[in-house]
Amino acid sequence: MAHLTLVQAINLALIQEMEKNDAIVVLGEDIGVNGGVFRVTEGLQKRFGGSRVFDTPLAESGIIGLSIGMAMGGLHPVPEIQFEGFLGPAYDQICSHAARMRSRTRGAFTVPMTIRVPVGGGIHAPELHSDSPESIYAHTPGLKVVMPSSPYDAKGLLVAALREPDPVIFFEPKRIYRAIREEVPEDDYTLPLGVARTVCEGTDLTIVSWGASVVQCMQAIEKSEQSIELIDLRTIYPFDMDAVATSVKKTGRCVVVHEAPLTCGFGSEIAARIMERCFLHLEAPVQRVAGFDTTMPYYKMELDYLPDANRVARAIQDCLAY
Amino acid sequence: MAHLTLVQAINLALIQEMEKNDAIVVLGEDIGVNGGVFRVTEGLQKRFGGSRVFDTPLAESGIIGLSIGMAMGGLHPVPEIQFEGFLGPAYDQICSHAARMRSRTRGAFTVPMTIRVPVGGGIHAPELHSDSPESIYAHTPGLKVVMPSSPYDAKGLLVAALREPDPVIFFEPKRIYRAIREEVPEDDYTLPLGVARTVCEGTDLTIVSWGASVVQCMQAIEKSEQSIELIDLRTIYPFDMDAVATSVKKTGRCVVVHEAPLTCGFGSEIAARIMERCFLHLEAPVQRVAGFDTTMPYYKMELDYLPDANRVARAIQDCLAY
Amino acid sequence: MPITTVYTAEIKKISILDEHANFDEKLGDGLISNDDLVRLYGAMVACRHLDEVAFRLQRSGRMGTYPQNMGQEATSLGAAFVLRPDDWMVTCYRENCGLFWRGVPMEGILLHWMGDERGNAMPKPHWVTPIYVPLGTQMLHAAGLTLAAKYRGVDRIACTFFGDGAASEGDFHEACNFASNLEIPVVFVCQNNFWAISTPSKINSAAPTFAQRGLSYGMPCVQVDGNDIFATVYAMKQATEYTRKHGKPYFVEMVTYRLGDHTTADDAKRYRDADEVESWRRKDPIIRLNAHLKNLRIWDDEKEAALRSKVEQDIADAVARAENISPPERTDPFDSMYADVPADLILQRDTRHTHSLGQDPSQLPPEAQERAAAMDAAAHAQHSAH
Amino acid sequence: MPITTVYTAEIKKISILDEHANFDEKLGDGLISNDDLVRLYGAMVACRHLDEVAFRLQRSGRMGTYPQNMGQEATSLGAAFVLRPDDWMVTCYRENCGLFWRGVPMEGILLHWMGDERGNAMPKPHWVTPIYVPLGTQMLHAAGLTLAAKYRGVDRIACTFFGDGAASEGDFHEACNFASNLEIPVVFVCQNNFWAISTPSKINSAAPTFAQRGLSYGMPCVQVDGNDIFATVYAMKQATEYTRKHGKPYFVEMVTYRLGDHTTADDAKRYRDADEVESWRRKDPIIRLNAHLKNLRIWDDEKEAALRSKVEQDIADAVARAENISPPERTDPFDSMYADVPADLILQRDTRHTHSLGQDPSQLPPEAQERAAAMDAAAHAQHSAH
């Protein structure tokens, strides 16, 4: 068992699944010789050859549209979109086509495809390199949306995605691409999509989070004297509402934390569902610690924008004090 | 004062504002000679000439990208996107550019622009002609998002949008393009963006809705014996949370109704905010009557998909009985 | 040499059977056998008749918006005739004639426009994709489908159709560029019918031809008379041979005309001259092929009558099959979303509610639960009555 | 005539001062005055020096990712030299040389890459748009800006720059097509530097030139040696004259090479040969112009030394100005969102919280309110300390 970064865990998952399943092809901008700008696909082209791992023209709609066709034709493409900010040009192919193909053809055509996308802020990147659009895709029926928060999870979730018969957007939080190392088994394991992870148990309050924010939440929890339960959603759609509801019924209080802007962020869905499922158990309104409803600022201000341990801690204390 | 349909009210607003402000130009697919596929721009080209009202090539990203440039250059373009399903190709220009231009240039460039888009289901249209993507754009800081539910409102809101210095997506519910007629003054009036309308007052329960769903809500209310207050949001972003909170504090119960899919629909934001602002006043969890989390079906099944008076009535009774 | 020439190009136009039924023997002889000509003629007549029937169905409220193919039959038909049965044909929505040639059942197309997804799931494999309403997007899928075949070592090309309007979409460019640079054998067919709804093709292209759009990508390009089945077949033969041999794309512009309204929701009189339409009526691909068949002395009024009555019967049967299909299951939209439908969606499906108390009425007091059940039953009855 | 020619095209390449500093007098004489040549040379040297300084700033942690312009100075500079001061110049991120020529202050560019939006709001009007990181999108804005001028009856064209990679985006096609069909005077400049990060230009185009991308739209197209300031000026004169006179677009491919890494975050050694880079170093636009100036006997080592010391001083000053700018206000991201900032956003701005109890702590018991205030104060202090 190796001590891997998230980048390495994903690379390992790709290699292992590609060895098992020759339907998997990897494509995108700079993912071949260069191994991707984050080196996630490093070595794949050498190992699997240029017809399985290939650079494309610089056009995101093209990358996804081509992948849809390949998936309809029986492959499992794994397109990389270089940064989440460049999902924009591919939005139509993802939401109007990939997401609808099975349903509009009543299953005659399907789109097994795993779209890998580095996501989120915190790495001092240029504009449009730091956003968190997960709720946009969670609002689009037909997609599954995943965001791991650790190397171990990344491998297990990616393997699951690569075995999915439907399109998955696999968001990889760049902020923790290399920030954490963890034991990641070489063995074949999957983490089923739609199952959350209880990062730590507690009785006073539940935090629900996903992606890189899980790290900020842990920092806040470590400083806190209360008994806090932290649930890492891992999959944004389908989401593990049972895990969340069970926890909140126990604690009676909840803080949701995410990087995306507050309004219509996925936190709103979690909050609404908690109210629906745990109404009589709630001792305080669910609190959302999220990005502000502004454009993600350029990097001088990005740490000011992103929810940090201070803001989480404050929400914890307020929610508990209510 | 004339008895107008929503189509006519919008047409009137365009004419009147164009006469006042020569910075307004109208463009899009088939909006010239043909007057738009819904005839909303009928007569405009004749009246204002081909350089103010012009057909474009068939490319939505192009339409919005060109409009952004025109807006940066001092005009107020009014692009029409023929159906909301074709916003997809323009997503990137709207969300990565129009929405960010003011903030990324700290005001050096701005994008005063009103994107008109027929929205929603219920007219037996082909695929991708019946969706309701308002929450996608409400999640995008930098945009304002409007959806009128009546001819009077449509005119007042559109005039306000045409005077906005920032980009507005003006969603026009096709289902009620011609279904309702109403007195619409010739006079200059505006309805400020961000201010809801109390359609009818009540004390037992609040319904919050917008767009064509408001009509279904009225039907349900008419059949109901309870005293229901109906709030038509009119503007999705910024949204009039004060009006909603005031009402829910009075009634203690709320049902939100919209056509878009449930998960991450704008109802989730409203529900989350109500919990935050009215926690101690709530006597039941906020109920959401929404489109299902499926692709909008082809038209044989569309009425089965769209929230109707029956589903609203049921939610009312459940919420009241809780 | 301070000014040098780095690129030259030339685009040809092909026409074989012209609007006066003049026939160019040099290019045309032996291109299509007489038997095939008769079959092709029959296919065009059938497609045309379906258009008329569909129009009436729409007008009498038995079908939604429908786009007639009238006048354009020879374009997709020429392609379908030349393609191998297991080449992909990836079309838009005005290529019925080619689709029927491939064996797509008419009721599939009818069902689509009757607002029924099952129309898109007709018996496979015809190696066709369903109708695409969103424009310009399918050409990339054609490239992907073909790349998948290439990856598997299968000898299969694709032919994809799109209009003069759709060729303005960014995805058009991306598809051509991907196919060219990644060496994917796709024949791109731009069906230039001069109009995109009310927008004349000059607003979608200021260039003298659409064919030259292929030059950007270094593709061979050709323009053909799209109302001439010989020319479309000729060009498709050249295109498919090249594509198959070199594994690279080819660009064909087929010049044609939409004789009908854009769709049944459109009124073309608002924006185009009767004269223009009239002049194109005379260029109708069916009229000229009919004349040619008669010139060849392989067609007469009797055969025409027999063909027409067979076509009428076939289409009446197809309409009946489309109309007599069982109503869709209310569960279909849910069950068709994912291979593995999430529990949350199953709950929506089974309760037909999105509000949480509707999904779980056990939270309500008993009387309210009863009322809820009654309301559901009433709603269900109302639905079934539709 | 069954096969006719419907279109022919030819693309020329222009080169005047070649890599060996051979000068074509026929095309080049009188094109640029000696004074201007010296100024242009100075501009290139300054831009090059900024690249080096910026590289060091990045390496020492004083700046984020920065894309060097090294080797490409003559492309945007040729354009800026020819354009009128009030024509729009709508660029991507590797056209510093042209931007500085237009008067954009260096600290604006530095600030942008220091992660500060104020870099995009430098003193106006230079008739330039800010750096665009998302690729391929700005050409449409160029068309819109120019159309707005046309609508107002103002005599103003635009020149827009994009790379060989960006020309693969769908928006590229839409921009060219809109400009052509709606008759918008825009000079499209494809800056082909052979690489898009690690992707060689052959993956972005299988065609022999990028110039021929203009043929799709019926635009005049030309290819030029982009490392030759004479050629870029020559082509831009032709292009702008045509564009201004006819009110229609023109397509220029400038062939150049990125001598540095893609950005400071890139390591070009991973994907391209040292030999290739070396061969292009010899084609450096600065080296050949220096030789030419010396051939003309209007330049010597003394002038070079004086230039370099001035440039170093200017750039040191610009860096100082960029680094000494006050920290951005924490309220800026909020206040810059809308002309009329929604109340909800003001609440977020003023409380710096998104959670409702943080926005309205009055709901909390008094001790909790105190603790909250203390936490906010601590967080604020922590922020100010940064």
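Think of it as A, B, C and D in the order they're written, each chain with its own count starting at 1.
Please note the rule applied: a contact is a pair of C-beta atoms (placed from the backbone, for glycine too) under 8 Å apart; a residue touches a chain by one contact, two chains touch by 3 or more.
All of these numbers come straight from a predicted model, not from anything done at the bench.
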### Chain whose average C-alpha position is farthest from chain C's own
D
### Query
Centre to centre, by mean C-alpha position, how many angstrom separate chain A and chain D?
33
### Message
Distance between chain C and chain D based on Cα centroids, please, to the nearest Å.
### Response
43
### Task
Indicate the whole-number Å distance between the mean C-alpha point of chain A and the mean C-alpha point of chain C.
38
### Message
For chain A, give me the residues that contact two or more of the other chains.
### Response
56-57, 59, 61-62, 85, 88-89, 92, 96, 103-104, 127-128, 141-142, 237, 263, 276, 284-285, 287-288, 292-295, 297-298
### Message
By the touch rule stated above, which residues of chain C touch at least two different other chains?
### Response
117, 134, 168-171, 173-174, 177, 181-182, 203-204, 332-333, 337, 344-345, 356
### Message
Quick check of your reading of the touch definition: is the inter-chain graph here a line, ring, star, complete or other?
### Response
complete
### Query
Contact residues on chain D for chain B in the complex?
117-118, 120-122, 124, 129-130, 134, 137, 139-149, 151-152, 170-171, 173-175, 177-178, 181-182, 332-333, 336-340, 342-345, 356
### Query
Which of the residues in chain A come into contact with chain C in the complex?
25, 51-52, 54, 56-57, 59, 61-62, 65-75, 77, 89, 92-93, 96-97, 102-110, 141-142, 144, 164-166, 194, 237-239, 241, 273, 276-277
### Task
Report the residues of chain C in contact with chain D in the complex, numbered from low to high.
1-16, 24, 26-27, 168-174, 177, 180-183, 202-209, 211-213, 215-218, 223, 248
### chain A partner contacts - residues on chain D that touch it in the complex
64-65, 112-117, 133-136, 165-166, 168-171, 196-199, 203-204, 265-266, 270-271, 327-328, 330, 332-334, 337, 344-345, 348-349, 352-358, 361, 363-365, 367-368, 371-372, 375-376, 378-379, 382-383, 386
#### Entry: Residue ranges of chain B in contact with chain A within the complex
61, 85, 88-89, 91-92, 95-96, 99-100, 103-104, 127-128, 135-136, 138-139, 141-142, 237, 260-261, 263-269, 271-272, 275-276, 279, 282, 284-288, 292-295, 297-298
